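Take this structure, written in structure tokens, and hold onto it; I'll ask about it next.
To keep things simple, chains are lettered A, B, C and D as they appear, and every chain counts its residues starting from 1.
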Amino acid sequence: MEFGLSQEQTMLQDSLTRFLGDSGSLARARVFNANNEGRAPDVLAGLAELGVTGLIIPEEHGGVGLGLLDAALVSEVLGRHVTPAPFIGSSVLAPLALMRAGSAGQQAVWLPKLASGAAVAGVALSEATGARENAGVTASGGRLSGRALFVIDFEADVYVVADKAGGLHLVAADAKGLTRTRLPTIDTTRPVGELNFDNVEAEPLAAAADSAAVVRFLIDTGRVMYAADTLGAASAMIDQAVAYAKERKQFERAIATFQAVKHMCAEMAAALEPCRSLVWYAGHALESLPAEASVTACHAKAHTSEVGTRVAKTATEVHGGMGFTDLVGLHYWFKRIGLNRQMLGGPEAVREDAARLQALAA
Amino acid sequence: MELSYGAEHEAFRREVVEFLQTHRDQAPGSGRGASALAWQKLLIAHGYAGRTIPKEYGGYGAAPDILKSRIIAEEFAKAQVSPGLGGQGISMLIPTLLEVGSEEQKRDIIGPTLRGERIWCQGYSEPGAGSDLANLRTKADLDGDEWVINGQKIWTSTAHLADWIFCLVRTEPDAPKHQGISFLLFSMKSPGIEIRPLIDMTNGHSFNEVFFTDVRVPAGQIVGKRGEGWKVANAILKHERGSLADPNVMLSRLNGIKELMRSETIDGRRLIYSPVFRDRLMRVEGEVMAMRCNDLRLLSGAVNNADVGIAGMIVKLQTTELRHELERLAIDVMGEMGVLYGEGAPHLRGNGSWQWNYMFFLGLIIGGGTSQIQKNIIAERGLGMPREPKLAIG
Amino acid sequence: MEFGLSQEQTMLQDSLTRFLGDSGSLARARVFNANNEGRAPDVLAGLAELGVTGLIIPEEHGGVGLGLLDAALVSEVLGRHVTPAPFIGSSVLAPLALMRAGSAGQQAVWLPKLASGAAVAGVALSEATGARENAGVTASGGRLSGRALFVIDFEADVYVVADKAGGLHLVAADAKGLTRTRLPTIDTTRPVGELNFDNVEAEPLAAAADSAAVVRFLIDTGRVMYAADTLGAASAMIDQAVAYAKERKQFERAIATFQAVKHMCAEMAAALEPCRSLVWYAGHALESLPAEASVTACHAKAHTSEVGTRVAKTATEVHGGMGFTDLVGLHYWFKRIGLNRQMLGGPEAVREDAARLQALAA
Amino acid sequence: MELSYGAEHEAFRREVVEFLQTHRDQAPGSGRGASALAWQKLLIAHGYAGRTIPKEYGGYGAAPDILKSRIIAEEFAKAQVSPGLGGQGISMLIPTLLEVGSEEQKRDIIGPTLRGERIWCQGYSEPGAGSDLANLRTKADLDGDEWVINGQKIWTSTAHLADWIFCLVRTEPDAPKHQGISFLLFSMKSPGIEIRPLIDMTNGHSFNEVFFTDVRVPAGQIVGKRGEGWKVANAILKHERGSLADPNVMLSRLNGIKELMRSETIDGRRLIYSPVFRDRLMRVEGEVMAMRCNDLRLLSGAVNNADVGIAGMIVKLQTTELRHELERLAIDVMGEMGVLYGEGAPHLRGNGSWQWNYMFFLGLIIGGGTSQIQKNIIAERGLGMPREPKLAIG
């Protein structure tokens, strides 16, 4: 019985934290934002060196061969540091799609590139969780038409695309007939975008017996990853709020001595701490408890989003006016939590999914 | 209970409506260009701006009538026509001068300010003086017949556009903290002033930091006496009736969400058919309605000089939280669409106003007395609960 | 322009407050509870003397002829004093049903009795707002069959009963075939109950052109009355919490000096105060702003219930352990708010009604 | 991450299951009758009660093993079989005596207490000493070789059933408040004790007030030294791991709501088809799941002696609030049906347990350290925030 992180997992988080801390996480995010960079090659290279890009990719394909709980732990650290780098799409969902539904040949071509950071993969999955503006992609004769919104890790070399029928496809970023449009969001650390397909050549990922089940698994996994990112971002906000409250003086005393401020911090911490265990459990369940995986992923995503949103507001309030400015940059975390909340389904949609999975909904 | 405004006021409303029909072509867009200044003059002449400011100071000189002011605001809003110039010179400095300014200050300053010829910014907050404003440290030393000012202000909106500043500075460093402050007026063109934009979380530039290095100001440019600045700054507080947020704006945002829910779809299904979001919408509608009724009560209390208990004291706390919540609902309704932001972003709804307001109202929850300060005030002044006991060590 | 209470309205509340204060409101409620009384004749007589029983009944029938806003103001005071007396059913909804749908003869028989307190009328309206257990009453040939749950002011001499088709009927309490069962609830100050009809003789209230519209109006009115009762009960709880906090010492200081306690009180007051204006407006709208009346009644009921529930919890918490005991009796108010919340529709049901009324729901 | 309990423990689980299958016919219902005492003896003999209490004091004498304790609890709960006697004598006094009692006290008291032959109540709280327990005023004066006790206790559960009381009293009135307290044991049959039932908002009688008038107690019936009572009472706190609420109970209540929603109808429509209630249900389910995972983490931390940060500190705050919320949802789902209450009330669901728990958990939010005290603890001990500064006047 051990519900907790192994020594290796703690070391993984620590080494990543060291790297991101060293490279000045907020400062790097600011530059990424200011320059409107699509990618931060230095960050990506560092992540590749640490094995993050190849985290879940088998060793024979140049990866580290770790599991999805490990991926969630990495996601948490990236959220905590508002890291401007692809991960959820390129290092988790795309490799997973290839590993579960790709042919040996497709795996051999792409997994090493993704593992080394030589290529970045975007993932178009949004429509499978609820299509906005009637978007969606149709496959016909090996070609794709339609459009996909809110593509994860948008600044990519290749895309994994889910079609309306539950099929998965690989599409090169420079494929003919493919139009790519960046969609600017509140969160400037992770580009998302829109793909328009005009009879675009695609390679089916067709090795899985049940492609729709793979899509479902990608959604579950993505939700856990976003939950973990929010967990990290929210816990960074609490830490900053507590530190600021100890520092900041009003009425001749540190505001941390005011009961109202203390209770705001205590409420944040008390609400968030169980999310940590929930995210661990959900990450573990993905591969080890298949019967519970989907429902747990829904709850991890929805509950952590709700708590994260509250933490984002409260931590900003603890900072007073400073929290509202760009000076302390707290809003990078606020906005990261805001994006995570909606990706792959907002809390209401995800909870309805959880009810459906338990046959509670019509 | 009588919710109509009565015959006299309904007649006045017709006048306003008629004026708007006649002159709306002259109304300017945004900004402070020549047409805006001309429009302001026209409004003053008709008593729709500077209404209760005495004629000799450049106003229209009418007796105060809260309902008429409300009618003007309502009709201009309904017609979506500029209600004239705003800004802290007009909304804060002029009332202050009327209350405690010298005759000369009133004659010299109110007119140009009201006509938009002199734009002001307010120098109150400092990095170390937020909720505890009286803790301010920007100091002014008298050197001959000039003040020499050094220090820093923050949250100075429109500093980058302003001609002049009205500014709280510490002039008696040894006096108790509320008694060592003076209220100075000076030109923003004075040497030694540096303005740095203060970018906020909306990416917007609504505020600035202002740095003073040996800024020299004639000794006479003071309102009230030396050391009375705190009293001067608070002179107009007694007129406030807590009507920070116009409930009609809230209503129009609420209607905006209804529109969104009618048009926005998920898997082809319109969101108005989502019972969960509809329930949240109705919850917010109930709260908006309650705040509208609360506002009616305040208005009526002001008109009839009636006691409204704590109804005024709670407005800032409740409306800023409610607006933040309302804008958040819109974002959740839009789902992924709700995170889009930035000028010209594809698919952007409402020109990004939902996210902008969501963030800006978080700023307003904090600004002008955080929610924590508001709750202290409600508990102490509203419910008669004791102040926090003094600390053993200071 | 006057949004507020007239001098007469303030006097009405004051005189009622004096009477209920004099008779020791909590003490009276305790006795009512302990003895399991169906009626408190002394309280009823006092209310009759003050004109409360005949408040909205026209003067020609022995009443005072006031309006529904006045009734809401009375309801507020009764809630504030957890008064063990019929009112919403017997003095508001039943007279209203008679005045709007009764014949001249029916009015002449019943209104004077209700006005004087000589008779009490119960009201069976619950099924018109959402039937539990498939309850409901069917009328056929002047006779009623079926059952009605959660009858308001149950210990009555006569009942106003809404049938499934929108018809209204008068039934004598001792009518043959009528079985009456008290339904004990958390709130021991106002009896509710169940009526079972086995082919029971009834007198139709058939003078209205549109009986269903009358039923709707009764529901709207009832909702505003329950909202007002909650407003009064909740504001009494805040007052008690503030007074207790000033009195009670812990750690050598009055707990009212703790910021956490102050903020709990401030939050309650800030949330409840706008409900007061909303209830006034809703009471006024019933008769003066017919286009807004129904939606406003829904919001008054739902919003005041939500705030009331929060106040009930928080005020109890401010009282610490004492709040949980019967010693201070705070729970009488807690439970009154709890009952009001569900009667004539809980918040979710009432909000859905508000949406339907605005054509926002399917 | 390894969620199985391992081979040794699974073997132990099979033993427990087998025991339950063999002996469940002997298990008593509620109460403390002869069959309950016999059952308790059987459990002690098998190590399912008094498991880690040394044999010489009447226990089973096993080494502590958190997982085995958990397995016992899980399997007894699953089988819905009485897990033996509880009460404050067993849960609080025995651990206290084991920690700081004299050898004689251990030999004399633990055995009869464990076997249910001596029932205890706890005399800690007083009307003036709630959150600030050290403020207690019940005093004991030494008169020859007897303590003479005067004062009042409150929240004394089972006082009306108890044979003895363990009680905090002030014995050194002039010492600083934490240092003037002693921990006494005495019979509830002593002359001068009056017990008054303390009816609570559920209408239940779970607690009492106890009044002492010149109650005489032999001087030797003290645990620890004079003036060390505060230390004695806190001796067992270090063993607590914040597992107040069994998350499995929460889960079974949650399943109860699902059942309710499947059976309860409004206008003939089952409430499971109400998306708004379903959303609330799923919200609560997510929170329950998070608290279950948090509990797993605590359990694992205790087994592996691993640091779990603030995960233990938050349990009381979060679970009492969550349970209150959960029970409230059930009431709202039932609508008018939800307000029914009282034994034998027609149409009553779940025997009134929803309303009872809704109120009782409000009591638990308050009792044993209010939510405000919990937040202070989390802020200070968990987040390292400073204590409130001392007041100028005391």
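The rule is short, and it goes like this: contacts are C-beta pairs under 8 Å (C-beta built on N, C-alpha and C of every residue); 3 or more make two chains touch, one makes a residue touch a chain.
Note that this is a predicted model, so its numbers are computed, not measured.
J.: Which chain's mean C-alpha position is the greatest distance from chain C's?
T.: That would be chain A.
J.: Have a look at C-D versus B-C and report the one with more C-beta pairs in contact.
T.: Spelling it out, more C-beta pairs touch across B-C than across the other pair.
J.: Measure off the straight-line distance from the CA centroid of chain C to the CA centroid of chain D, and report it in whole Å.
T.: 39
J.: How big is the gap, in whole Å, between where the Cα atoms of chain B centre and where those of chain D centre?
T.: 53
J.: Can you tell me which residues of chain B touch two or more of the remaining chains?
T.: As it turns out, chain B has residues touching two or more other chains at 274-276, 279, 372, 375, 389, 391.
J.: Quick check on chain C: which residues sit in contact with 2+ other chains?
T.: Only 253, 258-260, 263, 348, 352 qualify.
J.: Spell out the residues on chain C that touch chain A in their complex, using ranges where they run on.
T.: That would be residues 258-260, 263 of chain C.
J.: Quick one: in the complex, what on chain B touches chain D?
T.: Listed in rising order, the residues of chain B that touch chain D are 274-276, 279, 389-393.
J.: Of all residues in chain A, which touch chain B in the complex?
T.: Touching chain B: residues 126, 130-134, 149-150, 181, 183-187, 194, 249-253, 258, 260-261, 309, 313, 316-317, 320-321, 323-327, 330-331, 334-335, 338-339, 341-343, 345-349, 352 of chain A.
J.: Across the complex, what residues on chain B touch chain C?
T.: On the chain B side, the touching residues are 1-6, 9, 67, 258, 261, 272-273, 275, 278-279, 281-283, 285-287, 289-291, 293-294, 296-297, 299-301, 303-304, 306, 308-311, 314, 317-318, 372, 374-376, 378-380, 382-389.
J.: For chain A, which residues are in contact with chain D within the complex?
T.: 1-6, 69, 238, 242, 245-246, 253-254, 256-257, 259, 262-263, 265-267, 269-271, 273-278, 280-281, 284, 288-289, 296, 298-299, 302-303, 306, 348, 351-352, 354-355, 360-362
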